[in-house]
């Protein structure tokens, strides 16, 4: 047990049985210094999102990791749900044809009141620019929505037009974010993230429409995927069915109908991270592990940065 | 049976038992000339949306009606669903507190292919600027979504930032519309209308979040309304329940659990229009009829016009 | 306007422009005498269910109709929903293989309290053996559930084992009915009808499982049919889709996504009845009309009768 | 690692650091001998359901445990879902008034074909009387459904009228079970268990209707509970909400909207078992642990036994 992360990094570095990797699950402003400390002593880093509180920090961290050669993982945990993997595999295989419209949202209601002034530590730091960074809902949950769309479609967002709003009086950060999206290859979409959506718990939802089919997934019913092939009946694909992709099967831990949830997604994610770390040591293949790395973290920061600039600039289309 | 609307207007005007009102259910470009012809001879007009194919025409029609004194109704039929009425009554009564976020969408998939080149008359005129006007999906279904949000919340949209897209090659009009919304009193929202959303039939959906509650309604399950009071369990309000508002009860024709649908909404709408026409003749009150009039038609055209200008102007915020 | 049904039958019979058919929508105990009166003067009869209040009356009516040659229709209106027709067509075509298990239920909550002692006329006669007959929930809604299973699967119920219960103190008729079913060809099932199921409005639901697939339908979401082919993804079939059967298409009045409901089912039913009456006059074919006739009415009475006897006899298996 | 359970029981008994408890997750026919072996050497037993393959064995085991004084737990894991706990707490507190109707079902489709002849070990033993016992679906999943109803309502089943069927040719055990239920205090209900319901994965569902409200829960959407108070809007209660009962909160491991599933229910169950074992050692209270014990196991066997006898006896009402 250490008094500081600096001490921990140094001590673990020197121990013969020191840790191979560290998990950073602190408020956002500590991601960068802690990640740097461990990276510098050769300990792999597993970090919560958003990567940092500023894009320059994110780029500096990326440069450091590149220089040092350690592994870095960012815990976009929703990407580890089996039916999210299934959606990704289907789009990659052409089941939707060319993606046209991508609608993603992340709706929560827990910050609909000034909870940060009622003693909630979670609410306090999430609404404090010094700890959360310059983005509120856009950084906390908007990045998850952004990453989900990015991960499932494989498409980069090239530009955004955004409006951030802070609805709760006195709150310095946005608690609602509306963003229009331009993707590479001509796809278009919208992203909505809100923490003042009363009645919503953890409503991360994605819909993708291509020229040959549509897909819909909702985090609160994670074991289902709605698939609408063009001019054919809608199908409800269910986790555990034998016809699903290898990517979905790999993170399926229970038979169909036995609900898998949030903790299992984290378990799958950490399992893959462990495999990648092992394969770095042993040379064993881990190419099927769909982990997110420093590049994904930086891309998330570029998204947040572009949204902040667009919103500040009157909603103009802003390149990511 | 007449050879033209002009002939019909003249003849009916002269008959002692001539019609009191005419329904216009033609392609958009004929709304204005037909409405004018009947208005000029003192016959009330019931017209489909969008009101006209240009804002100047809409204003000219409004001026004519004002000058002539006839009645004019626009068939925003979704506003006649009982649970839409219930939502409106609840917001008016303060059940949600002050509205903050308004998300509305209208997703269809029927134009995901070039149906207009396969002999579909509906697809032909809806994608032809000469008949549909300069707006495609934004005019055909976006106006419904706009009106639904307007009707339920009672709030005017003050500005829009929009991107219209035409996905099907060779189609001259938008088949997808993404719009950020600013409402009076500080509410914010998004509107998405699409006719290329494969797997969607007639997905008109509205969610309103205030500082004391949230509401959600979906046209394809019209008899339900999801109501989430702040920090209390979500309620599923069902058409026909005795606790609903008078506005909902007035258009409830069946007991709870016996599905009412699209045709019943039209029946309710025409019933109300008939009552307003009668009351104009007899002086009987019809103040509880929630009909849409020329002002609503013009407001819809101002919305379309602002969206078209915003999209053409690179998505800049544009006043409505 | 007549003072009695007897007078009406005589007078209409004598008029040159007399009615061709009469609709009986009275309490159950009047079905038989009214039907007889009109049948005897050659006027076709359209009658609500259950057919009569006793099986002997039902058989007497059947004999009379046979002797007189008039047409008789019983309004099992739920059989006129498009997706019920679709289910029937699919089973007939072998999409489920051989039916094995048939679960049907009709759950309502409106009689959970002693509503009959609060001035509700509907509740009064439905709970009065003199007017409703010896069956309460089993006759009022159990027959609908029975007919739905019969209509969709095409299978006769050969025997029942039943328990009828009256939960509300002082109520002389059953308000809850639980029935085990044996169908011809070895299928098995359960039927549950209740009018004390608090929170249920009009929950008529059918599930059929065969050796090659399963189907589920719910009256409160009538435009959908859940189809699970063996070892393949579940499909959600939606009314209005081009791939549906001719039987479903014939009673489809609106495009997909525009809800059709209860009144449309009645309209379809009466439309078919009118076609059958016309074809009796003109010789035009109406073989595709799926109307229910006196035989269906008698079969429903035999079902009620068997359930009453089984329940009175300690639940023993009782032939229908 | 031991060559037999007998050896394991003896060896662990003699070790100073021997196990305190053993988990039995074998086919049914081994539950009894293994449980006996460990019970006899004073090691606590955690056993899968059904308790044994015959009622006499169950009673013998109960007597042994009583004589020896060890602890015995049966893993009715569905009782550890938070919203099942919530339902139980609500009924205990009178939120539904007096229970009247209890409908429970457990529908699966995995045995719709002769999977036992395709090399599936799970299917082999589940359909083999020598290993599964004389009950097929009724023992494997019917007991879960029975226990769920028993646990949530607190009511004993006093009598059953049942029909067991084996649909797949050549299968010696039932794969479908339909049971009418009589509960103490006058409640009535039905239980349906099936393993040939094509399209069903793990459809355990419970509905309870009292004179003041109704409740519905479905295992495949475990985080929701539908609550219908008499003459008031339906509520959707969600796991994690602050208003839920202490019993639900105790097994809630994640905030609302972050799905908890099947594994978490097992974790909660084993956590409670561990607490009870510890409290037996330390005297600490564990009275809030809602574990199932030998008495519940025996009661489940009595239910299976009564169903088998009723079905064999032509469906006669049979006391449990």
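A, B, C and D label the chains in the order they appear, each numbered from 1.
Definition applied: a contact is a pair of C-beta atoms (placed from the backbone, for glycine too) under 8 Å apart; a residue touches a chain by one contact, two chains touch by 3 or more.
What you see is a predicted model, and the numbers here were worked out from it, not measured in a lab.
Trainee: Tell me the fewest steps from chain B to chain D, where a step is a jump to a chain it touches.
Mentor: Shortest path length, in steps: 1.
Trainee: Find the chain most remote from chain B, comparing centres computed as mean CA coordinates.
Mentor: Between chain B and every other chain, the largest centroid distance is to D.
Trainee: Shared numbers divided by all numbers used: is that above or below half for chain C and chain D, i.e. same or different?
Mentor: Since more than half of the residue numbers are used by both chains, the interface counts as same.
Trainee: Higher C-beta contact count, A-B or B-C?
Mentor: If we tally the C-beta pairs in contact for A-B and B-C, the bigger total goes to A-B.
Trainee: Quick one: report the Å distance separating chain A from chain C, using the average Cα coordinate of each chain.
Mentor: Here the centre of chain C sits 53 Å away from the centre of chain A.
Trainee: Could you tell me the distance, in whole angstrom, between the mean C-alpha positions of chain A and chain B?
Mentor: Between these chains, centre-to-centre, one finds 37 Å.
Trainee: Based only on mean CA positions, could you tell me how far chain B sits from chain C in angstrom?
Mentor: 38
Trainee: Hey, what residues on chain A touch two or more of the other chains?
Mentor: Expected reply: 200, 227, 234, 238.
Trainee: Help me check something: in the complex, which residues belonging to chain D touch chain C?
Mentor: Contacts found on chain D: 96, 100-101, 103, 105, 109, 112-113, 161, 163, 165, 167, 176, 178, 180, 182, 186, 188-190, 192, 194, 196-200, 207, 209-214, 216, 226-230, 234, 314-317.
Trainee: Okay, in this complex, where on chain B does chain D touch?
Mentor: My answer: residues 227, 231-238, 241-243.
Trainee: Once bound in the complex, which stretches of chain D touch chain A?
Mentor: 108, 200-203, 219-223, 238, 240, 253-264
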